[in-house]
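For clarity, chains are labelled A, B, C, D, E and F in written order, and residue numbers in each chain start from 1.
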Amino acid sequence: MTRFDGRNVDALRPVKIDSEYLLHPEGSVLIQVGNTKVICTATIEDKVPGFLRGQGKGWITAEYSMLPRATAQRTARESSRGKVNGRTMEIQRLIGRALRAVVDLEALGERTVWIDCDVIQADGGTRTASITGAFVAMTQAIAKLAEEKQLAKFPVTDYLAATSVGIVEDHGAILDLNYVEDVAAAVDMNIVMTGAGRFVELQGTGEEATFSREELNELLALGEAGIQQLIALQKETLGELANKVGGNE
Amino acid sequence: MTRFDGRNVDALRPVKIDSEYLLHPEGSVLIQVGNTKVICTATIEDKVPGFLRGQGKGWITAEYSMLPRATAQRTARESSRGKVNGRTMEIQRLIGRALRAVVDLEALGERTVWIDCDVIQADGGTRTASITGAFVAMTQAIAKLAEEKQLAKFPVTDYLAATSVGIVEDHGAILDLNYVEDVAAAVDMNIVMTGAGRFVELQGTGEEATFSREELNELLALGEAGIQQLIALQKETLGELANKVGGNE
Amino acid sequence: MTRFDGRNVDALRPVKIDSEYLLHPEGSVLIQVGNTKVICTATIEDKVPGFLRGQGKGWITAEYSMLPRATAQRTARESSRGKVNGRTMEIQRLIGRALRAVVDLEALGERTVWIDCDVIQADGGTRTASITGAFVAMTQAIAKLAEEKQLAKFPVTDYLAATSVGIVEDHGAILDLNYVEDVAAAVDMNIVMTGAGRFVELQGTGEEATFSREELNELLALGEAGIQQLIALQKETLGELANKVGGNE
Amino acid sequence: MTRFDGRNVDALRPVKIDSEYLLHPEGSVLIQVGNTKVICTATIEDKVPGFLRGQGKGWITAEYSMLPRATAQRTARESSRGKVNGRTMEIQRLIGRALRAVVDLEALGERTVWIDCDVIQADGGTRTASITGAFVAMTQAIAKLAEEKQLAKFPVTDYLAATSVGIVEDHGAILDLNYVEDVAAAVDMNIVMTGAGRFVELQGTGEEATFSREELNELLALGEAGIQQLIALQKETLGELANKVGGNE
Amino acid sequence: MTRFDGRNVDALRPVKIDSEYLLHPEGSVLIQVGNTKVICTATIEDKVPGFLRGQGKGWITAEYSMLPRATAQRTARESSRGKVNGRTMEIQRLIGRALRAVVDLEALGERTVWIDCDVIQADGGTRTASITGAFVAMTQAIAKLAEEKQLAKFPVTDYLAATSVGIVEDHGAILDLNYVEDVAAAVDMNIVMTGAGRFVELQGTGEEATFSREELNELLALGEAGIQQLIALQKETLGELANKVGGNE
Amino acid sequence: MTRFDGRNVDALRPVKIDSEYLLHPEGSVLIQVGNTKVICTATIEDKVPGFLRGQGKGWITAEYSMLPRATAQRTARESSRGKVNGRTMEIQRLIGRALRAVVDLEALGERTVWIDCDVIQADGGTRTASITGAFVAMTQAIAKLAEEKQLAKFPVTDYLAATSVGIVEDHGAILDLNYVEDVAAAVDMNIVMTGAGRFVELQGTGEEATFSREELNELLALGEAGIQQLIALQKETLGELANKVGGNE
């Protein structure tokens, strides 16, 4: 039984990554996953947060935001409301943590990579699209440092991408939920995985529902397959830089 | 190889739940998991948030905080800093979402259950202890409503408890990490599960590390066993109320 | 003497307006003025702010923001800093006030048009590009209302566009300053004008400098000519809708 | 005529001070005055606020908070509301100021003692219980410094405790008001006094009422007697440390 | 031994109250106590705060602020810092509470009197000058209501004024401290009293010092005498309105 | 046709500048323009904001506020609301920018002049009165520095004053609008000009209206004449200091 938009349960939406999307940032992409569009940029700053100072280690941190009309109904700006809400904080923390898992922070040196993910159009899966796009922007920005001979070793140790899976009535387990499916889902899971197929983050949530061990296994299989397709696209987008990741070059 | 505090890898710390701990709240416990101590209270409010009004459905929401000296170093109060940080928001959202998975919100009616989890002493696992304790406080508060004949049906549909598991060098996968183990862990996973053994939340995170599918399986097995012990203690604490959960009575 | 980028003193940068740029908003454009790129959206809300309630009049209000890496150096997000700065407030107020001058608010009825201008790339003139783009997005959104037969009369009474002019050493008065010119300018003036050539806003500022009446006259002439070119482009972008403006149709 | 809870007008409620109540802080007590329960902790920090830097003097500062369900109705958290209210600020300032009156700040050296008073159950008199408990926690924390030979002289110069007195219809002047009495009181006075019987703070307030000089005298006599009983209990709690206070040892 | 400014220990500074100082407010005065100058205004609002609604009772609330250069060193504005500090909150609460003690809130009806005290020049005693001045502004504003026949009974039941007393080395107990004396004082006490000589507020504070019962008695005597002089001046300022206070007319 | 208050269209309201109005600030005036009254103070601080540090240049910055009852209806304090609104920010930025245009910031040296403009009574034109008054206060404060031989050269290069002009039905273009005229105006323009008759700021705004080039010319002529009268009064107020401005002495 095919999904609303005609996809099979195990199909990703069309994915596109435009790189060098903006003029100023050291790394920038526009990632489109179906109708979800996110601008991801990476900025290198030559210092680290206070808790890391003097340890010879770098840091990666992320901020995430949605334009007010990324959504069907206008969402009030967090700057106007004067505070960042809980969902945004969770997503920001997730993106930063995920990227840190594939970067050798000692090799990065005492620098911070700031990741900014700004959703200009939302149709489900904005946090996983952000991670997948941010990986590319980050790698480009770090590659600039490498070109300037500022790094003894290329610090990105593996690829990293993310997708969502979920359980929806009538379809069971499905890959890459769009907004309508996300709202309907009884179980929603975000998976972040490396090129080597190892987990970085696994966040499964029953929405006023629960899930069994068998369902979990099914979701993990779907997610793993989807992520490997995303990583293939990242490699293609990075072109010559692709071989630097994982220190192959 | 035993752990610092002498436990086996699959052993919980000593757990104790003092119920009716405070005078005023409709439900209240002090839960102790090793040196971690959390006061959990439940408050019934006869209205729901705006987005639910008029739908005949209830809501469960949670707030979480730590006393400044719950920790080894004093932590500045969030009220003094004027905002709630990202970690706190994540935990609050997790607690509320987890409890909602085992409550029939229609049966609760247009009421909000406010859960407050205040950590008075922290030694790792404060969020999972909060969930385990909050379930008891919530059930007591809802039972008061039931006693007053305000509910057609007892809305708590199953037991719910939580624990952490993780991977620590030298020990591999272990159950119920204390603070020192949590800091050392390469992988950290919080599991929330029902009495029926179904997952409600699964949050696994590599801390600048990753984990394989086999390691995941091992962690899930440890967590499941620990949670069933916690649920046994919840039943004992609830005494006569225990049979009401899941509508057995 | 030609300018850095080869333009004459009275030349606009290349301007492009992509309309229907986003899926969700009632009106949306991406306007590009040289390297400055702004997403402008218009949202119709069926209520007005408190101070207007019950008067049968509508309102137009605007919010403006820059992505952190719209600029050469990363700018901290206003949501993270917890407040909107003075420059942003000034620009937001300017955009809303300017648009209100060409809308018959009684004819709009008790509705608010929310304008959101999000700068994704900045190279000078972001506030004037925002006004020029927002006019198009607003007109499209109001046209949707008109199509739905919700308006007795088309409320947009004239075209509206904006540009900057300034005085720069070596060049004298110039039109449409990019960032480098803006920084170098002794005098900076933003002009908002209607299709009929009437002023809506005139904001001239000496930057640690002053200007004479003759210089003012020269600046006004340059600005007026530039604005008429921008309005020609707005008409082209609006296509069939163009004739509705000013009640010609 | 005895009071609601059977006490005489000049009787304190049962008072209990559990010391070394928490694992981490340098000083900590749980003080219970009737149903009022407050956790008081003391933290030593090796620096002083900016206005004192370089003067060789220490500082004592306090923060006060109530758990949301310390009260009969749930009180919204100040961290959620994003600001500390006026009552809380008054109490915090009172606690810090009171304790500073019995500490030789030069002898303390350039250190700050942070006092945290967290009310877990409230039944009137939380601020005076906080002061009485905080004195013990502070003395223990300072004694740890003394044991580590970091102080030339023991800086606590005298005992310090606090209670409330008030005028209630039918009873006249009474000692140690619980919540019900506090609400009913026409006049409410908090008295902070030293072991030597000298005043540190006197805050008398007519609640939409006034009081005469004679009534004031009566209130002061009741308060003084009550405070000396509280100080006797502090001495007992401090045990061997008791003699260090006032430099007797 | 006379004081720095030549006064005797029991002498007030020169006091002046200019009434009807501003054009817009229902009541307004400029009160000068020596070099301390405060603008006090009273505003009548035809509603009460939520907690009083529907009870047929009025409310009196106060706000207090200092101009940045009321002080010798510029003080940052509370609006710029985004929050009101503890001292300000204490003073605001004190002013409101004090005035409520001499107003029959039922007779006032469901109205709020807003008192604004803005210190334009500070030289000690700003809170007591604020109370003394605010009483006059409030009485004028309430008298306007009475003139409009909106009150069955004049609700101001007695006069109210305030002063400070303190203990300063070399002088002992003194009346009406200026800034230099306030800084030097070991004990500082604010007294608010009615025309009938009854206490409304008594706030005595040892500043890293303590005081005996004898010293307290001496301070109270000084304060009482000073307040009666201030009330005489209030009567003179109020002119014909003076007899309305206390229902004499 | 004369205006409501009897003025001709080209007449200023009566203007009065009381200098040395307050005890503490280095410069202070009370400026009255009709019923508008503003206290302007100038404070010298021996450091500059971060972005200027080490460049040997000074800075001038301004803050603006209104007392709650400066207006006919009470306005809530920005400190109570916890943020400064957009109008206030615009005005603050305008005042600072305008003054910087007539000060040689290198000659000022690494110092900040803080200007505070506090409106105690508002009847239109508060921002232009603030600029006119602030110029005098600033010049006095800088003259104190000069007297102390801290400046090689007097850094105030010219006089500076401001007024408003506007277009009001029945009257056409008028000078110096009071509040009633300001509300009625279709076009409102603030002009800041130097003693030499050069523009510093020109801010013309159609209020849901527009204006032609001819109307602009008429407004500029009125404003210029008004400003020269204000500058004559500034010179008179400054007395002996007047010749220092512009380096004549």
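Everything below uses one rule, namely that a residue touches a chain if its C-beta (ideal position, glycine included) is under 8 Å from a C-beta of that chain, and two chains touch if they have at least 3 such contacts.
By chain, with names taken from UniProt: A, B, C, D, E, F = Ribonuclease PH.
Here the structure is a predicted model, which means the values were calculated and not measured.
**Student:** Along touching chains only, what is the step distance from subunit A to subunit C?
**Tutor:** Shortest path length, in steps: 1.
**Student:** Computing the C-alpha centre of each chain, which chain sits at the greatest distance from subunit E?
**Tutor:** Farthest by centroid: A.
**Student:** Hey, which one of B-D, D-E or C-F is the same interface as A-C, over half the contact pairs lining up?
**Tutor:** Match found for A-C within B-D, D-E or C-F: B-D.
**Student:** Where the centres are mean C-alpha positions, what is the separation of subunit B from subunit C, in Å?
**Tutor:** 52
**Student:** Subunit A to subunit B: how many Å between their CA centres?
**Tutor:** Each chain's C-alpha centroid was found; their separation is 28 Å.
**Student:** Any chance you could list the residues of subunit F touching two or more other chains?
**Tutor:** 82-83
**Student:** Let me make sure I follow the ring: beginning at subunit A and going to subunit C first, which chains come in turn?
**Tutor:** Listed round the ring from subunit A, with subunit C adjacent next, the chains are A, C, F, E, D, B.
**Student:** Applying the document's contact rule, which stretches of subunit F touch subunit E when the two form their complex?
**Tutor:** For subunit F paired with subunit E, touching residues are 22-25, 28, 35, 39, 41, 43, 45, 63, 65, 67-72, 74, 77-80, 82-84, 88, 114, 116, 118, 120-121, 123.
**Student:** For a test of understanding, state which residues of subunit B touch subunit A in their complex under the given definition.
**Tutor:** The contact residues of subunit B facing subunit A are 83, 85-87, 89-90, 92-93, 97, 100-101, 105, 189, 194, 196-213, 216, 220.
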